[in-house]
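Take a look at this one; I'll ask things after.
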Amino acid sequence: MDTNTALDILWILIAGILVFFMQAGFTLVETGFTRSKNTVNIIMKNIMDFVIGTLGFWLIGYTIMYGDDISNIIGNPSLFFDKADEMHSLFFQTVFCATSATIVSGAIAERTKFSTYLIFSLMMTVLIYPISGHWVWQGDGWLTDLGFIDFAGSSVVHMVGGCAAIIAAKLVGPRIGKYINGKSAAIPGHNLLYGALGVFILWLGWFGFNGGSQLAFSGDSANAVAGIIITTNIAAAAGGLAALVVTWLQFGKPDISMTLNGILGGLVGITAGTAAVSPEGALAIGLICGVVVVYAIEFIDKKLKIDDPVGAISVHGVCGGLGTILVGVFAKEGGLIYGGGFHLLGVQTIGVAAIAAWALSISFVVLYILKKTIGLRVSAKEEIDGLDEHEHGISAYNQ
Amino acid sequence: MDTNTALDILWILIAGILVFFMQAGFTLVETGFTRSKNTVNIIMKNIMDFVIGTLGFWLIGYTIMYGDDISNIIGNPSLFFDKADEMHSLFFQTVFCATSATIVSGAIAERTKFSTYLIFSLMMTVLIYPISGHWVWQGDGWLTDLGFIDFAGSSVVHMVGGCAAIIAAKLVGPRIGKYINGKSAAIPGHNLLYGALGVFILWLGWFGFNGGSQLAFSGDSANAVAGIIITTNIAAAAGGLAALVVTWLQFGKPDISMTLNGILGGLVGITAGTAAVSPEGALAIGLICGVVVVYAIEFIDKKLKIDDPVGAISVHGVCGGLGTILVGVFAKEGGLIYGGGFHLLGVQTIGVAAIAAWALSISFVVLYILKKTIGLRVSAKEEIDGLDEHEHGISAYNQ
Amino acid sequence: MDTNTALDILWILIAGILVFFMQAGFTLVETGFTRSKNTVNIIMKNIMDFVIGTLGFWLIGYTIMYGDDISNIIGNPSLFFDKADEMHSLFFQTVFCATSATIVSGAIAERTKFSTYLIFSLMMTVLIYPISGHWVWQGDGWLTDLGFIDFAGSSVVHMVGGCAAIIAAKLVGPRIGKYINGKSAAIPGHNLLYGALGVFILWLGWFGFNGGSQLAFSGDSANAVAGIIITTNIAAAAGGLAALVVTWLQFGKPDISMTLNGILGGLVGITAGTAAVSPEGALAIGLICGVVVVYAIEFIDKKLKIDDPVGAISVHGVCGGLGTILVGVFAKEGGLIYGGGFHLLGVQTIGVAAIAAWALSISFVVLYILKKTIGLRVSAKEEIDGLDEHEHGISAYNQ
Amino acid sequence: MKKIEAIIRKSKFGEVKNALHQIEVNFFSYWDVTGVGNEKEGHVYRGISYSTSDIQRRFLSIVVSDAFLDRTVQVILKSAYTGEVGDGKIFVSDVSEAYRIRTGERDEISLK
Amino acid sequence: MKKIEAIIRKSKFGEVKNALHQIEVNFFSYWDVTGVGNEKEGHVYRGISYSTSDIQRRFLSIVVSDAFLDRTVQVILKSAYTGEVGDGKIFVSDVSEAYRIRTGERDEISLK
Amino acid sequence: MKKIEAIIRKSKFGEVKNALHQIEVNFFSYWDVTGVGNEKEGHVYRGISYSTSDIQRRFLSIVVSDAFLDRTVQVILKSAYTGEVGDGKIFVSDVSEAYRIRTGERDEISLK
């Protein structure tokens, strides 16, 4: 193998390792933003996510996504993927897939049956995620043909997770005590330091998430990756700043949980266009997502009355879709403000709509069946006592 | 230096940095699985492990292991290793050595004298670990000559640590309150989130541990490393899945601490054969280790009545040995199920037996002397009050 | 781009990502070493640091530091840095700048106004740090011309942070209850595990901090980086060991918080000379800094009566300056003990004095103005109740 | 004046609190305790099944005027009830003096 | 002998403790409780503004001889005072027996 | 009925609990408190040596029928004893009413 190819593989593997670590970040964020009586359950869901993702994606998910194209819609599935010279790719795609699955976990935390969750997680891994992924990233998918840009997965990974999350959170219903006489109550997370550490780890992992999606490092890719890391970092910072300022002005205090969500919103938002926009564009996308995430959380919580303990729907669903569409505005080539007209913007919107339609409808079908069969939700007693005691027989914190 | 060599060194350094981070993972796992009154002590042991490992291995350990061979048994020792073009190797081997030493810490947690532990840790670093390591990895050792395969150290690192751990745990005796009328009591860990975060960090570090052991990246090594990362990841997932299923069936609840141990068991088990087996082989090894670790923990706890608070003996000792032997079954070249006959299996078994014999006997000698001289154990009062108060004069958690 | 250049950029980016993660380390150390009622505030300061650093350094700080030289004093500022082939450099320098800013946060923890802190953090980013940085690292600065060696920033990053910290801690005054009848009281940190995890993460990041400062990896740089990682690691270990021994002898118990500070002291100390000294030199520097940090903390606390909850002034300020000067003693080329005479030692001392003078005086001016205008400190009531309740309206820990 | 000490299930706290508010008992203090009693809880940890009678509970301390005693006790008896072993206990004892720190008011008047 | 139970602001604990030491009340136990009362605390969490009357407080339990009762109560009334809603309460009740475990000493003598 | 409040060393809790079980006192509640008293604990933090009289203790609250009072006190006195300063205290006071929430049973019968 020539040195350039080895260099490319090295970067993809390292980036994949960074993305792997995001699982720890998600675990921390979800744990920190929920109550201590459900900590074991949240940990278990996040771990098993990745376990199922690893096995399921290798078993069949990878080829559904990246196998030879069938009618621009789906890859040709084959079992136990085993091409020795694509192992780095299998790894990188596996950690992406697991990210998408894990997003749902936060939105339905503190009330969902563990066994049901595991089954849904498997469906994400082998069905929901790979199919829309194929449309965009396999090379022959119909969205690729249209010219749709989702560089690292604002839509393919995050919005798909966010769409599954909103369906799941709606079907499973709000936590007991969340809506009292139709008014939304605050249920503060039990350890905001865990939340913050989780966000730092996610931010770290995102350099691999976006940078690795270049899928190369040699030649011109080196500068491209450096540029991606800068746009990623600027958007994250801008998202955090925007959320801080908005909450400070609106509630009189700089709100930590919103600031953290703002950072994540900025990261999700830049993911689609990270390679296509300038640092200034990244600043704009980050600021927009940081503001939007605050209002989206309020809207979903207070108007839609969907109970999303960690804000996963807003962060991943809303900012994922929005970030993808904004590529049509800020892309240096083809973006609206660079004189590219409305073409790219249109394509981006179509792509977002199509992926969202797929993810929403298939999630609904799968979850509705699960609801009617084994059920989505634990009993009220289990929920009030905490899932840790009943589902796992141990509490996370002892003497 | 040519680019390929630089690329190799880059990978080795990055892998070493990842392995370094495993120290934090061990600290978190051990802390989380024990009681809060001993947290400072556990942190200090894990930190000083690495401090001693760094200094001792550089001082003399490295040359005992990798120095010019003397009778296929030991390297030619020299002080203050200082070859400018082997510094990447010194670093990579140092972090490995520290891993081996740190394993013992968990098995004897909550009751061992700090000063004694430091001395033993030094002996691990400059004596116990480097000698058996020399047999396998220096190139001229007698096990290398036999054709023994332990790619990244299931035996050399983990089983050696596990063997020292069982001797130490036996000699130091169980914690007060662990066996009441001969029945094993549960002493739950004080923070399972720390345990889980630790496992994530260890899993992360293991990509460096196994992948870095290729000791190269250029040319064909790139695909080899990618393959290693896949087998590592699959075995970890399989180990976690197996432990989850076993505990769910057996105790009626999916047990978090066993699932975490199952993941570690899978990782330890695959370490020897990570480069030699296929993904399917990794799946098998992971599943086997995930099941075995559950029963090994029960056996050691309930039958042998050896008190190992974190399961280090089972995870590192048992799965380390087992994983090494299983290379004889699953190795694509020479493995039993690939028609390779019993030769490799025999060699693997001999190697495991020899290394275990060395580690068990030398650990016994060292620890027995320590027991009879300065003593292994704190007083009952110190143990009941917690080591933090008496050994370090401060508790880990305050207002 | 040729492969060697790509390799260089790869290393710089990876090193930068590691340094980024140090922000999480600082957050954990500062949180762990302070009281739980101020946790949200500390998290917010550390996050906003990095947010401001990212935006401010890109906006103008980078060119003030690295822009075309004006009279050997300052770079030629220009807005919104956007050179496509220097993005890796912008990233690497941004994370360095944020490190310098974040040091101050710890020294003034638990009593400082959040809004004031944000303004000061911006001043660090766009004014204080870049100017002295220019003198040493831009290539045409007056200290570069003198032959001053500060390879990775013992002075440029850490001592500058430490100088700002001492001024800030002095001007903001001690925490209520810290000095009772002129006697210093102990205010133990609320979670030493966080502190330890933070130190592990900082140690991890330091491999990128020092290793990345080679700013290349191809050719001879590979071995140079490996050597840097070894000297970094040895100095850290030596610092921890020295602090452990000193506290054990002096207070009768091995003190965890001093041991952790010793490690950080060793890391800060080696940063200037990491590429210039031998492993033995690193050992010496680490040991010296580990001893000095213990006494410096005592001196600042008990004699100067400056309240520095995390020891930032001693770790970063004292060890930063000391480590830089010690290059004049231990540098293999030009160092005193290698027969290089007093020239280098003199240059190092001048450099340290100049940078300290700059950082102390400009920090004083900025902070004095802030004190007289919007004020540095929260009200006594806010401080006693905790900053989390009043500044952020939420406590970090809930049920 | 009487002090009512109620040891209840944590999961029933919300109901008890609402019920108290409904009869205008708006002042009390509570904290978490471990209770030892008839109830046993089964756990499994690392392959060891064990049952413990040390169970997390919430302890409420409420000082009321004599006139309020009965209805307060009744309301707790009702709202903390599940009927399963482990519902907890209520203890009543005398309080001889009471003060509101803010005003210095004494006894019954300090409880309003 | 009397048991004094004082529920005070956490931020006033230092002052109360010093004041108690000054009148030589050097023995007591304390823990953190949540208090429900007149005081309300405003919070914002994720865009939801809410106010809670569940506030962190410190609970002091002090057993004193009858002779010490008055001055102890007075000292707490004074040192825990801020004048704002939420200063807390003091309750006094009878204690019939007291023992020092170390010596087996009983009643008043065990309190010295 | 009597309420026994015992403030003991955390490290003695296991023994006390076993001793109570042996005389069939199987019902009580406990929580962790900080005790201020004669005992001093030396600490060093970051080079500052200090000694504190604020020490972690366990607080047991046990309501028993009058008949059980003596033996319960005796058993605690014995099992919590080390002889060193800081063993703790036992306080006894009257309880006028007791209820078992599960059954509504009152007074002595609710304590069985």
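When the chains are written out, they are named A, B, C, D, E and F in that same order, and each has its own residue count from 1.
In this section, a contact is a pair of C-beta atoms (placed from the backbone, for glycine too) under 8 Å apart; a residue touches a chain by one contact, two chains touch by 3 or more.
Note that the coordinates shown come from a computational prediction; the quantities given were computed from them, not determined experimentally.
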Shared chain contacts [chain A and chain F, defined touch]:
B, C, D, E
Between chain B and chain E, the fewest touch steps amount to 2
Per the C-alpha means, the centres of chain A and chain E lie apart by a whole-Å value of 49
How many angstrom lie between the centres of chain E and chain F, each centre taken as the mean Cα position?
19
How far is the middle of chain A from the middle of chain C, if each middle is the mean of its Cα atoms, in Å?
34
For chain B versus chain F, what separation do you get between their C-alpha means, in angstrom?
44
Which chain D residues touch at least two other chains?
31, 43-45, 93-94
Which residues belonging to chain C are in contact with no fewer than two other chains?
3, 7, 10, 14, 188, 251-253, 255, 257, 393-394
What chain-chain pairs meet the touch criterion?
A-B, A-C, A-D, A-E, B-C, B-D, B-F, C-E, C-F, D-E, D-F, E-F
Chain A-facing residues of chain E, complex:
43-50
Could you list, by residue number, the parts of chain F that touch chain B in their complex?
10-11, 14, 41-45
Residue set of chain C touching chain E in the complex reads 177, 381, 384-385, 389, 393-394
Would you pull the chain C residues touching chain F in the complex into a rising list?
184-186, 188, 247, 250-253, 255, 257-258, 261, 294, 297-298, 301-302, 311
For chain D, which residues are in contact with chain F within the complex?
2, 5-8, 31-38, 53, 57, 59, 73, 76-77, 80-94
